[in-house]
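These notes concern the structure reproduced below.
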Amino acid sequence: MKRNEVITVGLLVFLVFILKFIIPKPVQLSYTVSMITIILLGLVFVYILIRTLQGRLIGRRVVFLLVGISLSLPFFMKLTLNIPVSPEVRSVYDALQKLPPGSKVLASFDYDPPSAPELQPMAVAFMKYAFDHGLKVIIMGLWPQGPQQADQAIQSAFKAEPSLKKKIKYGRDYVNLGFQAGNEFVILRMGESFKAMFPSDLNNTPYDSIPLLNNVSNFSNLDFCMNFSAGKPGTAEWVQIAVDRFKLPVAAGNTAVQAPMVYPYLNSHQLVGLLGGMSGGAAFEKLTKKPGKATTYILSQSFAHTVIVIFIIIGNIAYFSRKKENK
Amino acid sequence: MKFNNLFRFSVLFRFLLISSLLILLLLISSSVFGQDKPVVSDTLNYDSIITASKPLPPVDIQVKDEPGDAGGAINISWKPSPDEKNGKVKEYLILRSKSKSGPFKEAGNTTVGVTSYTDNKADIGVGFYYKVASLNFDKENGNYLWKSMGESEIYGPVKSTAQWFNVKRLNIFIGIIILCAAIIYFIFAAKSGKSFYIRKIAGIEEVENAVGRATEMGRAIYYIPGINDMDDVQTLASMTILGRVATFAAENDTRIDVPVSRSLVMVTAKEMVREAYSKVGRPDSFHEDQVRYITDDQFGYAAAIDGLFVREKPATIFMIGAFFAESLIIAETGNSIGAIQIAGTAMPAQLPFFVAACDYTLIGEELFAASAYLSREPKLLGSLKGQDFGKAVFLIAIIIGVILESFGIPFSKYFMAH
Amino acid sequence: MKREIPVAITFIVGTAYLIAYFIPHKPFNYFENWFNDWFAVIAAFAIWLGVLNLIKISTIKIFQKKPDWPYSVLIIISFVIIVFFGFYEGYKGLYAHPSYSFRDPGTSFDWLYVNVYTPLSATMFALLAFFVASASYRAFRARNFEATLLLLAAFFVMLGRVPVGDILTSWLPHQYQLSQWANWIMNVPNTAGQRAIMIGIALGLVSTSLRIILGLERSYLGND
Amino acid sequence: MGFWGQFGIWLAALLTIGIISFLYKDNFLYKACEAIFVGISAGYWFVVYYWDNLYKKFYLQVTNHDITTLERIIPWIGFVLGVMMLSRLSEKIGWLSRWPLAFIVGATAGLYMMIYFVSNAMAQVASTIIPVFVGDWATIIANFFIVAGTFCGLIYFFFSKEHKGAFGLASRVGIWFLMITFGASFGYTVMSRMSLMIGRIDFLFGAWLGLIK
């Protein structure tokens, strides 16, 4: 290790110490300070543009640092933004609104903690909505960590709205069937019988002694299915089997990487609606009037997208000006 | 007795008792207080509500064995009760019995707005009778304050049976048979020596130029075969293309380097490159270290390649195979040293980055088509032709279908009923 | 024998699935269920292979003192720790009253999962955020018409899906704002393009599956 | 939050920073974090597969006395196939592992063939066959573009005819549609990666340092 690096590490440790133990919390920048910060960031980019036009590209590490800064700063800013709502998010909301109280909804949690930043906000908003409107939720997971994520989502929903906790009873209003291995084969067999795939719930209560599941033997007894998915098995499998074979109405919440590939299913009405990535989650929170994590994150997300767009523009301006010179 | 349901009987009995009490009360009150509003206590109130809010049953009920299944399911469908409009129906109950005289037990329920129910607990070969009832109720804290039910006639008996063919899937059956037949036909046609035309693929057409450029500049060519093992079809296709690239390189006497991340890929790649050199009559120009194993680790591999690029500044870079997140790092560095880059992958998430950062990109199926084209293997050529046949059928169907549908003639349902 | 039996197995199993799709009558409807369970059990054994291989490579590295061998020690230690707690919690939970699962919140296995596995894998993927930025600046060029289209579509989608897009175009009537453009791109050209790709992939999959079931494709069986 | 809770957060923060440090350069902390990641994830899946597959789908089945003898015997076939998979470790009897492999390949081929043909081919073709000239202008344009885009995109992936004339034009239009599709994927991938990083920053600033609520 070089001397510089030792100093850097030392400084970092010192910074952490100050941030953790000395600075008063929570930290929040006022509106004016936020605006000044944004303008300063803009000036940095103008400087980068000029440098790049001169043919001196900035280093990789500077780019990394800039991205890090523009992702972190918005956490301390208090700006409210008008979140755009896409039609596919609205149709999820509309479909949920059409369900009368007492409808049985299957919620499949097919993701794990690494993709939770994108999907957990949607799941929490969905749970709040469902409990608020008297929908009966049957939870399951095709990914081993899914049911745990569902549990966390329910706890966050209760925390945000304590009135729900009194109203909602396990076994009557919702049930967590847990995880079952077998990917798409699980869906296939659930089409015949839920009980064969889930002989008991997460707490080892036998299927038959759960009141909510009394008249639920397979998909034909359900009114709706909501799927939160981060990959395979996930939305594509639910569409291919539950929708195409068993005619269950399915809506989905997807990570942004997956979302574009799911759009053909929307147009063909194989999928009722779609919440795509963080922006889908934020829009859903807006529609259900229950702001949560996604609404908080969307500011950072906006900064990040803008930074990428600016970088592409700067790079291309430089590319074309050099091309012209060469001619 | 017609009211075979105990529950209903008790309701009726209570109804009679209470309504007579009610009339008595009314009479007394009207005689005492004149024509004032009747005073009714809360508990008594419900029974008048029950009569007043009794919904009409649903109409047009049909009970059928579920078609195309393994048995055990009976489908009940109906038209909504006329009372659904005025909000008198909250739920539909499906009542079932093994004999016409009952007793009828609840087999399931649906929310209002739903017009069918599948009873999945119908044993095969047993005749069942069904009634559908509209239910109206009021609830407080999850407990029923009152319930009122309008029952339909009895339908049945219906037996569930297992079928030998799922008629609903006949169109799929015909479709898959036609497609498979076409593929098999073309594979055997290719095997018997028939040659098929394959269109030009931009990335492959450019291989010669790209190799030539490296020769002119006197620099090396790098070929990155992705990070998946030999069990991935993309890696297999990549090896075929490597054979072609290596042949050009050997002809021009330009050095080609193949850093790999899997030991099995190393063995195969070495074989391909060695063969290319001996094919053009320069077996001595081949050095073992041209194909080398770096590491299995994804980012470690990317970092190592990064270093190689910066140091050796190759003129031409091929990235063909299965790529994940490392694609970005490799393509960026390749771009920054000004190399010509030709990429190819079937990984949908990486394709956009390749298109944006490389000069030519083989998109998905093009990769496999290129490998079929270069290897001339009959089974690959035949499959490709068979798939094209499928595409042609779909393309024609789309044209005809869109025209027919635009004139109001249904066509899409032959492919899939929605 | 070494090749014929596997080819026969593939044929029988594959055909059984095809038949089960069209014929709901028993015994075909049972086959699917049996096969699914076997599939799960085989997958459990297959992971043994990967694990044993990993341990073998790491041990060789350690004993031959190859470069970076201490990291191999770390691999083995972390593997042993999580496996130990997985089995310990699993069997303890089995005989506990009320019984619980090895991955329930509060178990030591869950602790490792939440505090070690999750941050590591999430951050690994998050690293890409930085690489995308760097590549945006240095490599993504509108070098031809196709790449230009791609970058333009990306702009509309990236800005239109977050509030920034509408702020930038607040001077336009609502239906021409960036978020509406993003909607249109996602629902019209993106749908069309994805659909073409989807149909193509489906046809490719049918032909590959057919070759495998018919035994024309045997590369999965390896050489010799 | 007890000691283990606090310790967990500090450990998670250290590992997060360790991975991020790769951005500066490849260093020992990153390598250590990576080694831990390899070991932990292999162990994690090993344990999960043991309990979810081997224990649930085999042990519980064969020891279940509520089902028929035949149903108890059936899972053994899977078990035997699974054990054969391990034969791959030996050079001599390695060929035995081809049986379970053949089973897995056959099962996926059989299932996927139908699933993909139905949902990704037939259903998608069916939903492309729509009446184009119905509704308002916006709908007509959207429907037209969907039909034309799918059509031309398929032509681009048509390999057995030369792309000349009208056919070549259609294929060019097809590649434009594909490029817009890739652009959309590009945007969404960026969104996804950024979200993950935002999640990590939220953890560092929120749960660890407590700077934000």
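Every chain is named by a letter (A, B, C and D) in the order it is written, and numbering of its residues begins at 1.
We take it that a residue touches a chain if its C-beta (ideal position, glycine included) is under 8 Å from a C-beta of that chain, and two chains touch if they have at least 3 such contacts.
This structure is a prediction, so every number in the text was calculated from the model and none was measured.
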Touching both subunit B and subunit D (chains): A, C
Furthest chain, CA centroid comparison against subunit D: A
Gap in Å, rounded to a whole number, between the CA centres of subunit D and subunit C: 3
Centre distance in Å when subunit A and subunit D are each reduced to the mean of their C-alpha atoms: 17
Subunit A-subunit B separation of Cα centroids, rounded to whole Å: 21
Set of subunit C residues in contact with two or more other chains: 21, 29, 39-40, 43, 101, 103, 113-114, 117-118, 121-122, 124-125, 127-130, 132, 134, 138-141, 143, 146-147, 150-151, 154-155, 158, 161, 186-187, 190-191, 194-195, 197-201, 203, 206, 208, 210, 220
Multi-partner residues of subunit D (each touching 2 or more other chains): 22-23, 34, 38, 48-49, 52-53, 57, 111, 113-114, 116-121, 123-128, 146-147, 150, 154, 157, 178-179, 181-186, 188-191, 194, 196-197, 199-200
In subunit A, residues with contacts to at least two other chains: 64, 71, 114, 116-117, 144, 181, 185, 192, 244, 257, 260-261, 264, 267-270, 276-277, 279, 301, 304-305, 308
Chain contact topology (line, ring, star, complete or other): complete
Interfacial residue positions of subunit B with respect to subunit D in the complex: 171-172, 175-176, 179, 196-200, 297, 299-300, 303, 348-349, 351-353, 355-356, 363-366, 369, 384-385, 388, 390-392, 394-395, 397-399, 401-402, 405-406, 408, 411-413, 415-416, 418
Sites on subunit A touched by subunit C in the complex: 57-58, 60, 63-64, 66-68, 71, 81-84, 86-88, 112-114, 116-117, 144-145, 148, 151, 178, 181-182, 185, 188-189, 192, 196, 202-204, 260-261, 263-264, 266-267, 276-277, 279, 298, 301-302, 304-309, 311-312, 314-316, 319-320
Subunit D residues touching subunit C - in the complex, by the definition given at the top: 4, 8-9, 11-13, 15-16, 19-20, 22-23, 31-55, 57-58, 61, 74-75, 77-79, 81-83, 85-86, 88-89, 95, 98-107, 109-114, 116-117, 119-121, 124-125, 128, 142, 145-150, 152-154, 156-157, 174-184, 186-191, 193-194, 196-197, 199-200, 203
Subunit B - residues contacting subunit C, complex: 68-71, 162-166, 169, 172-173, 176, 179-180, 183-184, 187, 231, 233, 236, 299, 325, 328-329, 331-332, 335-336, 348, 352-353, 355-357, 359, 364-365, 368, 379, 383, 386-387, 390-391, 394
Of all residues in subunit D, those that touch subunit B in their complex: 22, 26, 34, 38, 113-114, 117-118, 121-123, 125-134, 147, 150-151, 154-155, 157-163, 178-179, 182-183, 185-186, 189
